[in-house]
Structures are given as structure tokens and as C-alpha cells.
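For reference, the structure is listed below as C-alpha cells.
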Amino acid sequence: MMTTEEILEQVKAGALGIDEAAGMLKQQPFEDLGFAKPDYQRSLRTGFPEVVYCEGKEDAFLTAIVQKLYEKNGRVLGTRCSAHQADLVKAAFPETDYDPVSRTLILGTAPEATGNVAICCAGTADLYCAEEAARTAAFLGAKVTRVYDVGVAGLHRLLSRMEEITSANCVVAVAGMEGALASVVAGLVENPVIAVPTHVGYGASFHGLSALLTMINSCANGISVVNIDNGFGAGYLAAQINRLAVRGSSKST
Amino acid sequence: MMTTEEILEQVKAGALGIDEAAGMLKQQPFEDLGFAKPDYQRSLRTGFPEVVYCEGKEDAFLTAIVQKLYEKNGRVLGTRCSAHQADLVKAAFPETDYDPVSRTLILGTAPEATGNVAICCAGTADLYCAEEAARTAAFLGAKVTRVYDVGVAGLHRLLSRMEEITSANCVVAVAGMEGALASVVAGLVENPVIAVPTHVGYGASFHGLSALLTMINSCANGISVVNIDNGFGAGYLAAQINRLAVRGSSKST
Amino acid sequence: MMTTEEILEQVKAGALGIDEAAGMLKQQPFEDLGFAKPDYQRSLRTGFPEVVYCEGKEDAFLTAIVQKLYEKNGRVLGTRCSAHQADLVKAAFPETDYDPVSRTLILGTAPEATGNVAICCAGTADLYCAEEAARTAAFLGAKVTRVYDVGVAGLHRLLSRMEEITSANCVVAVAGMEGALASVVAGLVENPVIAVPTHVGYGASFHGLSALLTMINSCANGISVVNIDNGFGAGYLAAQINRLAVRGSSKST
Amino acid sequence: MMTTEEILEQVKAGALGIDEAAGMLKQQPFEDLGFAKPDYQRSLRTGFPEVVYCEGKEDAFLTAIVQKLYEKNGRVLGTRCSAHQADLVKAAFPETDYDPVSRTLILGTAPEATGNVAICCAGTADLYCAEEAARTAAFLGAKVTRVYDVGVAGLHRLLSRMEEITSANCVVAVAGMEGALASVVAGLVENPVIAVPTHVGYGASFHGLSALLTMINSCANGISVVNIDNGFGAGYLAAQINRLAVRGSSKST
Amino acid sequence: MMTTEEILEQVKAGALGIDEAAGMLKQQPFEDLGFAKPDYQRSLRTGFPEVVYCEGKEDAFLTAIVQKLYEKNGRVLGTRCSAHQADLVKAAFPETDYDPVSRTLILGTAPEATGNVAICCAGTADLYCAEEAARTAAFLGAKVTRVYDVGVAGLHRLLSRMEEITSANCVVAVAGMEGALASVVAGLVENPVIAVPTHVGYGASFHGLSALLTMINSCANGISVVNIDNGFGAGYLAAQINRLAVRGSSKST
Amino acid sequence: MMTTEEILEQVKAGALGIDEAAGMLKQQPFEDLGFAKPDYQRSLRTGFPEVVYCEGKEDAFLTAIVQKLYEKNGRVLGTRCSAHQADLVKAAFPETDYDPVSRTLILGTAPEATGNVAICCAGTADLYCAEEAARTAAFLGAKVTRVYDVGVAGLHRLLSRMEEITSANCVVAVAGMEGALASVVAGLVENPVIAVPTHVGYGASFHGLSALLTMINSCANGISVVNIDNGFGAGYLAAQINRLAVRGSSKST
Amino acid sequence: MMTTEEILEQVKAGALGIDEAAGMLKQQPFEDLGFAKPDYQRSLRTGFPEVVYCEGKEDAFLTAIVQKLYEKNGRVLGTRCSAHQADLVKAAFPETDYDPVSRTLILGTAPEATGNVAICCAGTADLYCAEEAARTAAFLGAKVTRVYDVGVAGLHRLLSRMEEITSANCVVAVAGMEGALASVVAGLVENPVIAVPTHVGYGASFHGLSALLTMINSCANGISVVNIDNGFGAGYLAAQINRLAVRGSSKST
Amino acid sequence: MMTTEEILEQVKAGALGIDEAAGMLKQQPFEDLGFAKPDYQRSLRTGFPEVVYCEGKEDAFLTAIVQKLYEKNGRVLGTRCSAHQADLVKAAFPETDYDPVSRTLILGTAPEATGNVAICCAGTADLYCAEEAARTAAFLGAKVTRVYDVGVAGLHRLLSRMEEITSANCVVAVAGMEGALASVVAGLVENPVIAVPTHVGYGASFHGLSALLTMINSCANGISVVNIDNGFGAGYLAAQINRLAVRGSSKST
């Protein structure tokens, strides 16, 4: 695609008619602005390939989109992918790596793992969400350290693994029920903590609302929160932060 | 007051008319039932003297009720007592001990402190509530250990005082914001933990709702919760549990 | 495991190298602190054996953990255990005692029942939760008195059983719908009341929220609340309080 | 005003033009329907005089409307009336009866008190609302029995006054905090109970929401609920029910 | 059972020993108090026979309790009764009248219908709840007028039936979604209106919460509210009010 | 400002350098897109002049912005304007028209009133909001018909004014408390109804939440809702709809 | 049916008796009022034929009502229609047009499409709701422009289609999750925007509550909101506004 | 302080007694663990000096703590600082830089600004919060780019400044009302976005809850949320992320 300057040059040179040039400028306004690109260029813009949210996608549509992205990007991550959907993709691509716990599907070779992201979770019941975060971060190029089953009701389990946690560029803390893990972790590390509330719990946990409120009210510094069960979002964000740490500011001079 | 048996004896003996006896039985039904007593006997029933909730009480009424209870019980605890109300009582009883932080007022000599109740709070902003619990428990006979400013965002502060906490018969954990202190404490002790959410915080703390939900969803064992800012309730309950530990089962044979 | 002092003695005596000693101290930091122990020693720390929360555990994992705890502790309590899970355990241990109402599973001989815990519930619909509390407390060594179907809409049912209730070291009050039972009971006894809201109800009961709010706002003294449907939590706490009453303060001199 | 039939008669007789008659019928459609009347006839329609909700009304408007209603109906009830507003009315009508607790203002002689309405409240803090109900019911012709300070945390206080309560045609139960009074009362009487939650409480009482939920979820029969602090609404409804009991069905043959 | 006076007479006469008399008085305390009776006498106390809430009751228990009440009272009302449960009862009592819409089951001959209760509902989707109210009120002796499908979005439907509504002693207004029916009706009648929110709706109706709030905030006089979907409660209350209108004050002199 | 085509023409003609042209295109990207304009052209884009939300604006800033808009557009509407702020503006422009009820301030001559917008409100307490809507719609060119104090609890008041309401192009229905007015109106008219909940009420009105839910759940067709107390938003939207009715589709051929 | 005037004429002429005339006037009160008509005339009153909400309607009733409306109006729209229900209708009318995505069923020939309504939706998951709006608006006579999958997270998708959106008389913006689409659209167009929150999302979307709140709080002008998932309501309202734009004010002189 | 190894060496050498060594190890357990340090070393651990939350701190305490930190760290940041508190500090340190908008107080020379953090806010009303974030990030060493008043209702304002935004290592997006800014920004940048809801708004904004829900449900990637009005938290987190970008992974090899 031509830049604004190139179009203008061609207009000046008479190689491009006024109407044609105006049409190009109006059809692709964001090329002019220099920050937005068509979706098939998302990988260029964000540095990360597009991810497929499988839930609710019809069979034919899902396999088509997976195939298309696989061809273009050489690898694909699918989240919230059911066993049935995984089978569909496997039929087409036997090399598919499907994890039923996190319900994530990965095609293609992982990039080299760099930096370090620690994924902590409070209990084994939160594993589905922690693994979604872990596999997402790994797919996006981060080296991942898993620190599972370290809920605050048995504090020594967490403390005995602090060295692994403090050495990460970014920590993801996954917890349901009262969600206290994130505050405790954030009080012990110097890098950002991304808190993920899960729906794990019952009664007044209100399907994750309690954990969400706990985390959003944390008195610790350096903590922020994503949606309930949004392991993907946390993994994505962790990979962004980790990338900054690894390669430094992308646009600084 | 006569027991049912005594009334019946007197009826049988002709010393009491049928109507008179029936009236007595009906006027005092709960003496018959053996478990409820008029309020001036509450101290006998619960073993604790009545406490005055000062908020909203008019001046004349407040001083009257304080005076009456002081005369009968020899000591009085007033909670949610304003500085103005404290001045009123002090005018009548210069020996009044008023604490503006917890807004509690105490008259009379404390009973001998027995057992051990630990009162923990997360931050200095929660002190008003922790002190209400502490002074209530002390008023009701418990030896109190204060462990303040031990919020989980600086975990070592809490851990360095665990010996004091684990040796208590009962622990009160006071916290606002995300309220994670209670879970962490309950995971480290063997005796009951009473969690008190405070209204301390802002934004999505919703005036203590966040801390309340955190505590009620705790994944630790041996923890229960009282109302937001209810330091009095926690102190009362702690004193009950401490009393059981000190004197043993009151009614077991 | 050696204590800190023992390690130091051996270092002094040259029986242990510096590095080896430092490693031991760092690997087992909580032994040093004197309050936290590895999980397999939880029974030593809290005096109560670990309990298995069965819900969501996979078949193989569940049977493995039950077997392991059974071997170590000689007895096991499983909560939120489905009929299918119970069948699995029974296949391995025919002596399994499974109660489908409370969905609790017990293996091994109960300890001698001591003290007295009263479990009250408002209606027959709350029985599942009351029984979870009752069987938990019994498993942890408490003598349990069941006082069921004593909701406040038929007050005489409750009043006629007050003698049993008032003689307990601790009362658990289980109720759904408007949850008023806890307040009424707490107004009549001298020992602690643990209130358990249940999800029983419909419409504006909001799956137990109404009962939870009722209980947390109780105007009676000596009452605290656990999560909706958390019969286990109430039973555990009641057993803790009962134990204090029976054996006295564990750490007082 | 003419009835439909009278208008038709006059049309037939030529005494009324078609257009004029059509206009009258259209301007007063509800006279035709026989159930709705202009507001100054509300007293005829409902049998109760209109009541003035004073809050937010400007001084001049308030005195004007009070004067107008006083002239027409011979008596006036004003609710949520501030001391300042009461002074304004008193300046014009020295015979004004203003009660600062319930913030109600009454002008004119009360009708003969008939039947019996019992107004119960849980604590002295709920008095403002109970008195609003009591004075409203009395203004509307009901004999009122006040049964105050009978909260369920001291059950004997309530039970000792049941005879007064059970003999009423309708019971109003006013309570804040956990609001359990209504359920207990409804379980003991045979006539309707109107429950009024108050905003009294703190923390998780959420300004009366807790008491409202308690009451709306009551497991007792014969209970219904009005808005938080709506003593007027409860008194009005109680007077309606009491009137039905006193005079019988107004429209049955 | 003897009254207190009769027992005392016998004691005086020597026909009853002191211990025996005391035992009788203590075993039956509520006979003494004159307001509470054992459950099998509920019909005497409230004037209405006990009703069976079928939901969740086990088969054997349900048929047993229905049979027992049928024998004693000659008639039975069961609410929230499933088709399966109805079949069970029909097998034992072929004369069972089961209505699948309201899920109510009735055994025995209805009492003579007296007075007049109007049951209004907004849409056909609310019928299940309106019929529960209607059949309950009829079972308890009220003549019932059904005014269905009169939602406020088509106001003329309601207005064309006002004569039936205004002639009732009590009106039940059943509505889901925005629940505006109750306010409109209460503005047009002189007798009490009982509002029943239903769970009918979607989205922000929040399963009936919206209708509940609408009704509880009604600006009309003479309106009160029961729980979401509580047609039984409304029918019961309507029958109480209707009975007062028919027979007058039960206890007035 | 030049259009894209004009810029290209000048580039082609050599009248504009490439860099200069590219800069113009990039600085004003939305001129290219043909739908967005700089703010000072908002009046051109939307056909309505910009409105000043006064609340929270500092004195100097407020007077400056009012003056600037007055000069450019010849007229100004200020909303949520305090008396103090109005005085400031009046000092500069004595011709200011300030209405303390709606807290709106208007400068300049109104445009010719066209079409017809009906503004209804339920009670006099809602007037502040209804007037904000009315004055906004009038400022934006709509003829406004005020139909006030027509709450559904006195239905005849509303019905007697239906002719005025049905003849409007758009109806704004303003109500607090239970907010039923909107549904009733929408059931009677053929044109759109904009519902505005107000914060008027107490207790469970939750500052307008109840009315908002009522309106959003309306079972009537042709109704939509704006924020609580957002009279401005409703007036703006009504003026948009009215304008469409008056001038027809702006862009149809 | 005769008008009021015709009835009066006949009364005057002696052709109609007084009683008969009065009966007619009372039976049809709303003919007199000139704004309300029996339901089978709804099409005349609102200009739109009645629509069938299929959900929950029983088979026989549904087919009967569809047939009846088809015969009278020549066309029928059914919403929330299940596949099973669609099959029933197809069996009777093979020409039935059923769309399983929007769950709408249409019988009869569409009216000529006039004006222009743009339906935007944020993601493909919101399609069910957008299509319900689109098909409803089309059924009611509006020309519909679909602008799908233009969520704000990929802003260029929306901006590239602004020309289609800005040329519409009314825009429907459908979005779940955070629902930001409506604000962005409303900031770019001059005509009304109707926002429809969907239940699409998870966790703290609370089944559409989040999107509803986003939309109701929009800082853009000219936006109003319907219930969660209420595509029908939005389509209906859009058709009303579009009709006003096409035909101008229906009642202006 | 000695390390574990040094202590052991001294024990071995006999320079330290066993008891003394054990005491040291137990008093300083976290030195052993290698990750937690006393608070006065927080600056060392997190790389950022401690910050003073001024709200609620008493005058004497505030000035003391500011002085102490100033002496130790050479600079101090105080947040939520009232004008009165600022005056107190200024009296002691005239060089105090106090900003009344953000209510932040800064003492000491800022570190060299590195990297780039962009702070966006939707409206001028959100400035207080954006400035708190900006001044916090700057205090902690980040170069800050302010992009204010770029709410989505006037999209071109945001788009015209995208170049500044996309070049930042981290973007903070501050918005009240519907809070849509964060989603739009996150869809346009490649680095992390920290969303800060503010309490700005009215009605159904529920003091920031609406904006919080919008942000937590964002469909854009790379976004996380802090508490309502928590500008400090966002600034802190942004500085952490920016530091990682500037200096790279702190602990990678």
C-alpha cells in the first residue's frame, strides 16, 4: 500500500487521477494516520499474532479461521476451545497441541522463550485459568515459570518459592474465593503483578465478584486486575511487559 | 421470685388464690422456662454486664442509663460514644476512662485479665475498630495482646509477631480495603479467628463490602465474620471464647 | 527434622558443614519460625487432621489423596462428596461411612466425643448444611446435639428445646430464607453462636444473600457468620471452640 | 357533576347540545367509568382524607395546601415535616399537633378510634418510624396499641406482650438491622402483619436493604412489606385493614 | 389439655401432685401463654389449615404428610407441587385436584366462598403465580375474582374491568418485568393491594428484582409487597384480610 | 478548509508542495473522512450548538467558555448551573435567562419552535428534571408541551391530558420512585417515548436505580431510557427526533 | 363502532334509548377518549401490526394467534421463536421465513422499505441481537443497513463504514462486554442512537449489566438505551423514528 | 546484619553462642529467606522510595513521617494531601511542591526522566486523577506525556494524538462515566494499558462502578484495571513497566 506521500507524488506526476487518489485516501484513512492497520496486519502492529476466541464459533467458521491464520502466521493460539472443537482442528492438523485443562489449542512452533513471567495460582481448582495465562504467555514468546497451589491459607508454600517469583519480570496471580494471593505477592516483589480473579468458590463468592473486589482494593503497590477467569488477558499483558523488559523500549531513541 | 414449684406449693397450701397464682405464672412465663430472665439479670444469664450503645441516645437518657448500670454492676462499657457524650458522663463521674480513637467509655475497675486474646489490625487506619474490640474484650475480662499494623502487603511485619498471635485463645483480625489479613492469620493459628471488615478504603471497597466478602469467602479454616466496623461484636465474641478456654465448659458435668 | 538449635549445635561440633546447614535452614524456613509446618504436619499444628474437599477433584486424584491421608492419620473426612465419588472410595474401603444428605464421607473411628456443640437448623430444607456441620464437628472430636426444624415462624418449637441449646459450649445456627434463627438463638444463650446462611429460598433470597445479610447484621451479641452453605466451616470452628472449653487454653501457663 | 345518564337525558330533551354534551363526556371520562374522581374527592373515593408529604415542599406551597385541606376536610396529616415547616403551620394554626420524633403534624380532631392496630418496633432507634405508622393509623381512625422495644435479641420482652399483639386486627412490625422481628411476630398471630424495614444499622445493613430482604423472605405466613422507613405506608395500610374488620366488606351485599 | 387455671384447681384439690403439675406446666409452656399451640393445632390458632410446600420433599414423606393432614383437617393444599408429586398423591387419593399451571394440589371440599378477593395479573406469562394466589385464597375460604392479562401497556384492558376490582375487599396484583400494575391498581381502589413481583422478564429484570423494587417504591397508598413469585403468600394474606372484612374483628368486644 | 479533492488538485497543479499537502491531510484526517469535524464545527455537524455542562467548572473558565460560544453561535445553553455560576454570567450578560429549578441558563434568542415534544412528569418533585428536558428541547428548536404531575397513582390526571401527549412527535416521561409513568404512556402513544428516571424517592429507590430498572424493563413498545436525572439527554434526543419529523430525513434523496 | 357524537345524535333523535346509550358509552370508554382502541385495532393506533412474543407460549395457542393475526393483518412477526415453534408454524404456512440466528419468524410480504436505519454490532457474538433488531425494523417498513463486527477494539473497522452510518435516520448500536460501541458511534452522528446491551461476555459482565451501565452513562449526546438483548425493542423504536423522518410529523398542522 | 552463613561461621568459630545465634535467626527470619527486608529498606527492595498516603493522618504524625523519609531518601511523595496538610509541610520545608488538583505533594529533586509513559484522560473532570498518576510516575523516574480531554464522544481529539500515545512504553487511561476510553486506546497501541476508572458521573455511574465494569470487561487486549480514582496505583505500575523497558530485565542473566 502506498503512503500518503507516495500517492501525492503520483498525483503530482500525473500517474494517478484525482478521483482515484481521493478514493484511495478515503478507503484507507488509517494508513494515513500511521497507527491503525487492517486486521491481517495486526501481527505487525502489536507484534503478536491474532488469537482465536473459540467459544460460540460455529464448526465451519472455526476451522476456516484457524487454517487461514495458520497459513499466514505459521502458528495459532485458540482459547476457550471445547474438546469437540479441538477434535475438528486436529482432524485437519494432527500436529495440534490441545490442553483440556486450560481449553487452549496451539498450532505451530513456539518462538524462543525469553525473559521470565511467573504464573502463581492459589489452589488446584484455579489451574484452568493459570494454565490459560501460562500457555498464552508462552505462545507470545515469554519464558514461563509455574508456581501453583500457593494459596495464602498455607503461607509457607508461597514463601518457599519466592525466589522464583521475585526473579520474574512480571507476575500473574490467579485466585478465586477470597483472592488474597495477589496482595501478598505484590507486597513481596518489585515488578508488576497482574491479578486474575477466578469464579472458583461458592455462596458469597458470587462467581468471582468477591475475588475481583479483593484484588481491585489491594493495598499493595504495583498491582492491576483483569476480568474474572481472564487468564488469556493476563498472559497477554504479561507477555507485553516481559517483551518490554527483554527488548527495551521499542520506540525510544 | 417464686419458682413454679413454690407457687404450686402455696396454691396447694391455700396461701395463694388460683387467680393470683395463674396471673403470676402468666406474667413471668420465662422464669418457668428456665432460660430467659428480665434484662436486669442479663449479667447473670450471660455472665457479662450489659453494654451501652451510645450512638443516637439523647443526653438525659444516656446519663441516666449509665448511672443506673454503674450502680448495679459497678462498671459500665459504652460504645460509639461521642466526645460530647463522654463529657456528659465525665461531669457526673470524673473517673470515666474515655478513648477517643475507639470512641469507648469505661467506668469502674476492670476484672482480672485472664486467658489471652490477640487483636491484629492491618493498618493504622483500622485502629479505631481494633481498639473497640480490644477494650471490649478487656472490659469483659480477657487479657488482650495488641498486634497492630501488620497488613499483608508487608508480610514480614505479621510474621515477626506470630508467636504472640499463635499463643492466643482467640484472634481478632481487623482489616479494611481488601481484607486479606484474616485469611493469612487463620492459616497460621490453631484457634478461632474472628474477622472484622472495616469501612477503610475508597472506590470499589464500597464502604467495607469488599473486605466483608473477602473474609466471608476465606479458604482458611476456623474463621468467621462480624459486621463491618463491628469491633465491639468481635471483642465480645472473643471474650466469650476466651472465657470458655479459661474456665472450661460452664455446664458440662 | 532438626530444630534451629540442633542444627547450630551440629555446626558448632563440626558435624555439619556451613553450606549444608544454611541449606537446611533456608529449605525449611518455617521450622525456624516455630509456627508453620509442612502440610503433612498440619494435624500437629492445628490439632485437627486435614479434610478433603471432594468437589471437582478427579477420580484418581481423590482416591489417592483419601488413601494417603487414611494411612497417615487413621481417619479421613471428605466434604462435598458426590455419590459417584463415595462409590469410588467405598470400592477401596468398604468401611466408608457416606451420608448422602450432607454429602460427607468418613473413614476411620471417631475420637471420643467431648464437650457439647449444638447444631440448630430452621427447616428440613436446611438439613444438608446442618448435617455437614454436625458430622464435621463430630469428626473433630465434639459431642454434637442436633436441634432441627426450629425455625422462628413456629417459635415454640425452638423454645421447647432451649435447655439443650443453652448447655452447649457453642451453638451453630443454620437457616436460609430470612435467616432470623441465629439472632433469636444468640439472644438466649451465653456462649458463642456461629451462624450459617443457606441458599434455601427463592426470589429475593438471592441464593442465600438475604440470610447472610440478616445474620451479619444481627443485633444480638456473641454471633459471627460463615459463608453461605459452609456447614463444614461452622462445624470446624465449633469444634475449635469446644476444644478450648474442654481442654482449656492450650498455651497458657 | 352530571352522570352519563343525566347528560343523555338532557341531550334527549334538547337541553344540551351535542357538542357540549360530547365535550362534557370527554372532559370527565372517569365520572363515566364510576371509579375515579378528581383529587378533591379522594376522601370520598378512598374514605381517607388526603395526606401531605411535606419533604421538599416550599414554604408558601406547604402552608397553602395545608390550609386548603384543613378547610375542606376539617383535618390534615403532614408527614416528613421538618421543625421549620411545623413552625410555619403553627404560626397559622396554633392548635397544630407536631411530633418531632415521627416528624408528623396533625390538625383537627381525630375521628373516633375503632378496631385495633398493634405497632411493634424492635429498638428505640426505630421509634421514629413506628410513631409515623402509629400516628398515621390513628389519624385514619384506628385504635392503636404501641408495643415498643421488643427486638428478638431479648425474646421475653416480645413474648410478655403477645396478648396485646394477638388481639389486634393488624400488626405493624418495624425493625432495622437484621429485621427479624416481623417473622417472629407473624409466626405468633392470626391476622396480617405489615413489615417495615428501617434504615437503622451500619455496615452491611446497607441503609435498610438487609432488613428489607429479611422481611421479604420471611418464612412465616401472612406477612407483607413496605419500603424502608415507610411508616406512613404501613399505618395507612393497617388502617385500611382495620376498617375492613370494623365495618365489614364495604361493597358486599 | 387443661388450662393453667384447671391445673391449679386440681393442685389445690389435691388431685394433682406438685411435680406432676409443674411438669405439665413446663412441658406445655405456650398453652399457658395463650398464644402458641402445637402445630397440629395451627388450624385452631390461625383459623387456616396447614399448607404443604411440596418442593424438595421426598416422595414417601410427602404422601405421608398429605395423608395425615387430609385425615385430620379433611382437606389439604399443596404448593409448588411437581407433576410427579401430584401423580403420587392421585394414586392414593383419586379425588385430588391438581393444577399444573399453578402447581397446586387440592384435596377435600372447599369451604363456602365468602367476601371477595380480586386477583389481577399483567400478562399471560404471570398466570402461574396469579393462579397460585387464586387457588390459595379460594382454599382458605375467599370468593375469588380473576382479572387476568391487564398489564399497563394496554391500559384500557385494566380500566374496562375496574368495577370488578374496586368491589373486592383486597386486591392481589401480580406482575413481572417492570411491575407497574400494582401502582396503577392501588391508585384506583380503596382497599388494600398486595403486590407480587414475578420472575418473568429477561436482561435487567434480574429474575424479578426489578419488579420487586418497582412495587416496594410505589407512590400509591395502600400497597405492600411479598417475595418474588410468592403467589401463595399473597393468596394467604388476601384471605386473612378478606376474612376480617367478612366476619369483622375476631377479638374485639 | 480544503477538501481532499481540492488539495489533490492543487498538488497536481503544483500550487501545493507534497510535504505541505501531506501535513494538511494528516493534521485534519477527519475532514478527509467526511464525518468528523473540529469541535468549533460541532454545530455544523450535529445541527445543534454545543452545550455547556457547568457543574465543576471553575469561575473563570466557565465565563470564558460561555462568552466564546455566545460570540460564535449567538446563543448558549448551560446545564447543571449553580446560582453562583448564573450570577457570574449575568454580571457579564444581563440578558441571561436563568431557571433555578432546572438549573439551566440560556443566552440568546430561541430559534423558531417547530414540531411538538411532550414532556410529562410524575410528581412535582420531578420538576427539576422535566424542566431541564423542556428547556433543552426548546433551546434546540422544539415546540414543547408540558404535562406535569400526572403520576400513575392518580391515573385520571394522566388520561385527561392524553390528547396533548398523543399529538407529540416524541414524549419524554420523567419519574422517580417506581417510575411506572413511562410504561403507561408508551402504551398509549404511537411515537417514541424517552424515559428519564429521577433520584426522587427514598429507601429502596436506591437514588433512582429502582426507576431506572422499571423503565428499562418496560413491557411497552417504543420506549428507551437515559441516565438517572439526565433531563438534558432526554431533551436533546427528543429534539433530534422532533427535527427528523419536522424536516424529514436529512440525507435521503 | 359509533363515536360519542353519533351516539348522542341517535339519542337526540330517539333512535337510541338512554340506557342503551349509556351502556355503549361505558362499555367502550376509550373510544370516547379518542386515544385507546381494542387490541385488534392496535395496528390502526400505532401504525404497526401486533408482534408475537413466542417464548413460553404453548403450541396450540401460538399457532392460533399467528393464524389469526396473519388473516387479519396479512403479515406477522414472531420474536424469540424456537426452532420447534417455527416448525409448527411452517407446517401450517410453508411460506414462513424463519431465521434461527435472530430466532424471528416472518409471514407475509414486507412493506416497501423506506428511509434508513443502520444496525451496528460490535462482534459476531452479538449478531443474534442485531439481526432481531434488523428484521424487526424491516418488518415495520424501514430500509435497513447492516454494519456488523465493528467493535471499538479495532476502531478502523468502524471508521471505514461511517458514511453508511451517518446517513441513517437512526442508528442501533448493539454490543456486549464493555459496550463502548454506542458512545463512539453517538459521538460521530447527528441522528438518534439506540443502544442495546447484550449478555455477551463473562465474569464481571454480569450477563449484560456492565454493557447496560456503560451505555446508560454515555457521555455522548443523543443516545438512549433498551433492555439487555432487547433487539426487538430497538428495532421497533428505530422504525418509529425512521417513520417520523420519512412521513414527517403525523399530527402537526 | 549478618547473613545466615556468617552467623553459622561465627557459631562454628565459637564467636557466637548457640542461643544467641538461634535468637538472631528467629528474630530476622526474612533475612534468611532473602526476599523480604525491613520497611526502611523498601527503597532497596522495590527500587522506589516509600510514598505517604496523607489522608486521615494526624498533623504531627504526618510532618514527622515526611521529615524522616525526606532525610533518608532525599525526596518524598505525598498523595491525597489536603491543602491544610500541604501548608503544614510547607511551613517546615518551603521548597515543597504542592499541586491542589491532584492533591499531591513532592519534596526533593526528581530523578532523571527516562522512557515514556502516556497519561490520557477522557474529560477535564478526570484531571485530578490523571495528574495523580502523572506526578506519581514522574516522581518514580518516568518521562510523562500528558494527553488530556480525549474522550471517545469526540473521537478525532484522541486520534489526532495517537502518535504520542503509541510511542509510550505504557499508557494510563483515566475515565469516568462510561469509561470507554481505555478500550479504544488499547485497540490502537502495542504496549500495556492501565485503566483507571474515576468516580466522575452521576446517576447510574454509581460513583465509578460503571466505569470500573466497562474497563474490566474490555474486549481489547493488553489492558488491566486499578481501583476507582487510584491514579497513584496506575502511576506506580506505569513507572514499574517503564523501568523494565528502560533498564531491561533486572534479574535476567
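By letter and in written order, the chains are A, B, C, D, E, F, G and H; residue numbering begins at 1 in each of them.
Definition applied: contacts are C-beta pairs under 8 Å (C-beta built on N, C-alpha and C of every residue); 3 or more make two chains touch, one makes a residue touch a chain.
Bear in mind that the values here come from a model prediction, so they are computed numbers and not experimental data.
Undergrad: Moving step by step between touching chains, how few steps can get you from chain B to chain F?
TA: Counted as steps through touching chains, the separation is 2.
Undergrad: Since chain F and chain G are copies that touch, is their contact same (over half of the numbers shared) or different (under half)?
TA: At the contact between chain F and chain G, which are copies of one sequence, the residues are largely the same (over half shared).
Undergrad: What is the Cα-based rotation angle between copies chain D and chain H, on a 0 to 180° scale and rounded to a multiple of 5?
TA: A turn of 180 degrees brings the C-alpha atoms of chain D onto chain H.
Undergrad: Consider the two chain pairs B-C and B-H; indicate the one with the greater count of contacting C-beta pairs.
TA: B-C
Undergrad: Taking each chain's centre as the mean of its C-alpha atoms, give the chain farthest from chain G.
TA: Looking at centroid distances, B is the chain farthest away.
Undergrad: Suppose each chain is reduced to the average of its Cα coordinates; what separation in Å results between chain C and chain G?
TA: 56
Undergrad: Using mean CA coordinates as chain centres, what's the chain E-chain F distance in Å?
TA: 50
Undergrad: Whole-Å distance, chain B centre to chain G centre, using C-alpha means?
TA: Each chain reduced to its C-alpha mean, chain B and chain G end up 60 Å apart.
Undergrad: Averaging only over C-alpha atoms, locate the centres of chain A and chain F and give their separation in whole Å.
TA: 41
Undergrad: Give me the residues of chain D that touch two or more other chains.
TA: 29, 33-34, 36, 154-155, 159, 188, 203-205, 209, 212, 216-217, 221, 227
Undergrad: Can you name every pair of chains that touch?
TA: Pairs satisfying the touch definition: A-B, A-C, A-F, A-G, A-H, B-C, B-D, B-E, B-H, C-D, C-E, C-H, D-E, D-F, D-G, E-F, E-G, F-G, F-H, G-H.
Undergrad: Spell out the part of chain F that touches chain D in their complex, as residue ranges.
TA: 125, 154-157, 159-160, 202-205
Undergrad: Contact residues on chain C for chain A in the complex?
TA: It comes out as residues 27, 29-30, 36-39, 56, 197, 199, 207-209, 212, 227-230.
Undergrad: Can you check the complex and tell me which residues of chain D touch chain G?
TA: 4-5, 8-9, 11-12, 14, 18-19, 21-22, 25-26, 29, 32-34
Undergrad: Give the list of chain A residues in touch with chain B in this complex.
TA: 122-123, 151-155, 177-180, 183-184, 186-188, 201, 203-206, 209-211, 213-221
Undergrad: Can you name the residues of chain A that touch chain H in the complex?
TA: 33-36, 45-48, 51, 115-116, 159, 162-163, 166-167, 169-170, 188, 190-192, 194, 212, 216-218, 221-227, 233-234, 236-237, 240-241, 244-246, 248-252
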